[in-house]
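Consider the two complexes below, in which chain A is the common component and chain B and chain C are the respective partners.
Up next, the complex of A and B:
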């Protein structure tokens, strides 16, 4: 075993993929935490006295994020109020178990926990959705709903920041994926450490420069409890071409991950390139690139017995939505705006119900 | 953790490119003239007859050169000749264009150069290859010069002799060993490919200057550009994508490198050669392990994906074409000659890596009296961002490995 690169005299237990240095356990803990602190302070992620919601799934990234943020908050006196925000998709055998892990985190780290459930927000659990539409395409529903649920949760908790557990591997993979998809707008913003989802609550990624491998090692050596089972509906989900490519690249040279992030940060989009503009959904008022956001389209499909609505081409969806609206106008003679209002009220009712439930402590 | 939906992808389908359909030539007519029977299918969907295909290929070549309006009449243009379908097709495109008597005639002077870099083979075989190249060029009534890449590297990046007769090139059996001894032995294959690529580009520019050429035409085709682009991204050269993979590389003030074949694919040029009864020279192929370097992996990745998703290469290229050169700094890298980005206040990947290396090599302070904050402050106090501003991000890494 080689000696620790920090010259502490101990034997190293790991070789850092990011730099190639070998470290012993104690020096690794210190380096790992100092680096996250460096990222937070250098990128000015948080202002003192504010509240941060940590998007917690019970997985390794969010567990390590919660642990490290708590530790740094105490040692470096960030003066932050930390809360956990979890999404209950309603997947038996997966989310119920992982939520137990989050609840354990809540007790261990003494942070309040808020759980937003699909059932309360949308009236459907993922189990019910899968029963309706089958195992194919169910991830579309889950992904769209989760993003909105996190936004709604952050709004409900009135937090100042939403911190997510995205690591360096995730960012590099997204850069590659956006190039393969030709998505300039996302390529341009996917490496930002702070992003705005349109509601004034910044999303921050304190683990942006942290390798997934080091997160796993940190969790392992710190003996953190996390949930590592894959979703029952989509084992191997999200293993696209970009992920396979990144894993192969990492085997050749692990520093490629930081290179890709560096490339993403230094890219400049041509001023003449056409960029999509973000607007607000005409129904629920959330940020969307379409007039009606995907969550509303999917929900309408579910509620009207057309679960496949919103899975196919967006032009087709538009046509069906317009036809539906026409029918509504004919039968109930209500105009479009009334219809929208009804939808908004419907959603607000659920969120009201949620806010009346006190934070689980 | 499941990360579906993280990046705002609205549907599963959106994450992927459309898969290619199958098309058969039976019962279809040429996509262009709608009259003749097609003989070739391009992009897995468009069928063309022979006349339309050939006219289309020639038009594509000239249109790209014409659109950019860079080359003026009587300019001298250096053609980087290589072995394979693209270079042979380029020979034919140029010969036809120059021989025209209509107003569409190409009005510049061309001179070919072959940079000899086959040190993996025996001297006898290398000589044989050179002879074949000389004959191929003669067939088209062009002039070609020969330059040894090994000489350039061994003589510390000094341009050696530019010879007319390939017999006058000095070839040695131990050229490969010499090159390795210069700088390559310390580098991994990825960095070695990268630096050889840069040196070859620098050499071509030197040759062009020597021969008074303002332009260099190189024979990269679309799949080369796509894999090159992904490779550049993976090496941290994101800000150089437009000059490294765009139509025009204008990092050198005097000599511009143009890529006139960047919109062609291999099938197109192979058919073009076949229909014009051209047979490119063949050369022994050395087997390459695709997992041995970033560049080799990218080639494999792009070619594999292209089989099932014919939009792969064009999507990657179009993404690249919408990027602009990021040159907020005035300084140029001493190795690749690309602009060096000014480091601004924002935290970057490069700085994060350098800090990680710094904290991994600092002797821990185990004193009980000091708080964590004090210990961290003393680490930060001695940490300095390296001030070496002669190289860009990627070249700095290569230089670092050579010196270590």
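Up next, the complex of A and C:
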């Protein structure tokens, strides 16, 4: 058994993927925590006196994030107020169990917890959505809805920051995926440690440079309780090609993770590249690259019995939406398009109806 | 000579591949050569793994993303698949691939 590289005399328990160092338990804890602290201070993630919502799923990343933020907040006197924010997608046998883990985090770490449900936000649980659309594109709904749900939760809680548990492996995977998809807009922003959804609440990623291996090892040696299972609707959804590729590469040389992140950070998209401009959704006011945001399109599909509406190309969606609205205009029930704005009453009716479905009650 | 008695544990979601059972006390038959973890992986495939071996094994090792700890220490410090198993060893497999 090798000795700790920090020359403390103890036996090493872990080989660090980032540096190759062999560290003992105590030196590993110190290195892990100090690096997160360094990331937070170098990027000036938080201002003292502010409130941070930690997006908590009960999984390994958010559990470690909550634990470490609490520890660093006390140790380095960040003077932050920490709260937990969880999303209940309404998936029986999956989220109900992991929410129990989050509730345990709430008690262990003495942080207030807010749970927002898809049912309250959108009128649909994932169980109901799957019953409607089957198991093929359900992850699209869940992913789109979750992002907005976190932002809406952060708004409701009036917090100053929303911290997510994205780790280095996640970010490298996202960079790869955006390259594979040719998604320049996302490629351009996916490595940012702070992003803004347009609502003034920055999203921050304190674990951006932390390897997944170290997060799992940290949770294990700190004996943190986290929930690990597969979503009942997407067994093996994690086996995306980008993920498999990345894990295979990481096995050969763990530094590929940092190299990919660094490449993503250093990339500058050619000025002549065609980039979508961000605007606000005309229905729910959420930041969007289309007139109507993806969540509202998916929701309209569900509510009108056309669940596949938001799956596929946005140009096709636009056409179907316009056709629908034209039909609706004729029957004067609901109207939104420019060429029939004269029907002001209709517009108002429509907006009210949508916001009651869409916004937090 | 008696068998080689060890404990195998699964965590982080890896237990889902083994009937959700986290700890297995196993007795490995004595053979001509010493037992290394590489042999143990094949033994697990034959004796414990129910189905979908590709979610646990890849080539001659575990699938990338599954961590292995021998007596609570990273197997990467111990030559991974070539580690010679000792009596009463605790060998833990933790998946990092499962979400929350």
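Just so we're on the same page, the second predicted complex is superposed on the first by the 332 of 361 C-alpha atoms of A that agree within 3 Å, B and C clash if a C-alpha of one lies under 4 Å from a C-alpha of the other, contacts with A are read in each partner's own complex, and residues count from 1 in each chain.
Here is the rule we use: contacts are C-beta pairs under 8 Å (C-beta built on N, C-alpha and C of every residue); 3 or more make two chains touch, one makes a residue touch a chain.
Remember, predicted model here, so these are calculated numbers, not experimental data.
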First (chain B), second (chain C), both or neither touched by A:240: first
Which superposed partner A:61 touches (first chain B, second chain C, both, neither): both
Contacts of A:213 with chain B and chain C, given as first, second, both or neither: second
Partner, of chain C and chain B, that touches more residues belonging to chain A: B
Touching partner for A:2 - first (chain B), second (chain C), both, neither: second
Which superposed partner A:79 touches (first chain B, second chain C, both, neither): neither
Contacts of A:291 with chain B and chain C, given as first, second, both or neither: neither
Partner chain in contact with A:279 - chain B first, chain C second, else both or neither: neither
Chain B versus chain C as contact partner of A:144, first or second or both or neither: first
Partner chain(s) touched by A:27 [first = chain B, second = chain C, both, neither]: first
Residues of chain A that lie at the interface with chain B and also at the interface with chain C: 57, 59-62, 230-231, 238, 248, 251
Touching residues (chain side chain A, partner chain B) in the complex: 5-8, 16, 18-19, 21, 23, 26-27, 30-31, 34-35, 37-39, 42-43, 57, 59-62, 75-77, 137, 139-140, 142-147, 164-166, 170, 174-184, 186-187, 190, 193, 209, 230-231, 234, 237-238, 240-241, 245, 248-249, 251-253, 255-256, 258-271, 273, 289-290, 294, 310-312
Interfacial residue positions of chain A with respect to chain C in the complex: 1-2, 11-15, 22, 57-63, 98, 169, 212-213, 215-217, 220-221, 226-231, 236, 238, 243, 247-248, 250-251
In the complex with chain A, residue positions of chain B that touch it: 1-17, 188, 190, 229-230, 232-239, 241, 291-294, 297, 301, 305, 312, 315-316, 318-326, 341, 346-353, 355-357, 359-364, 371-373, 376, 379-380, 393-394, 397
Chain C residues within the chain A interface of the complex: 11-13, 16, 55, 63-65, 67, 69, 72-74, 76-78, 94-100
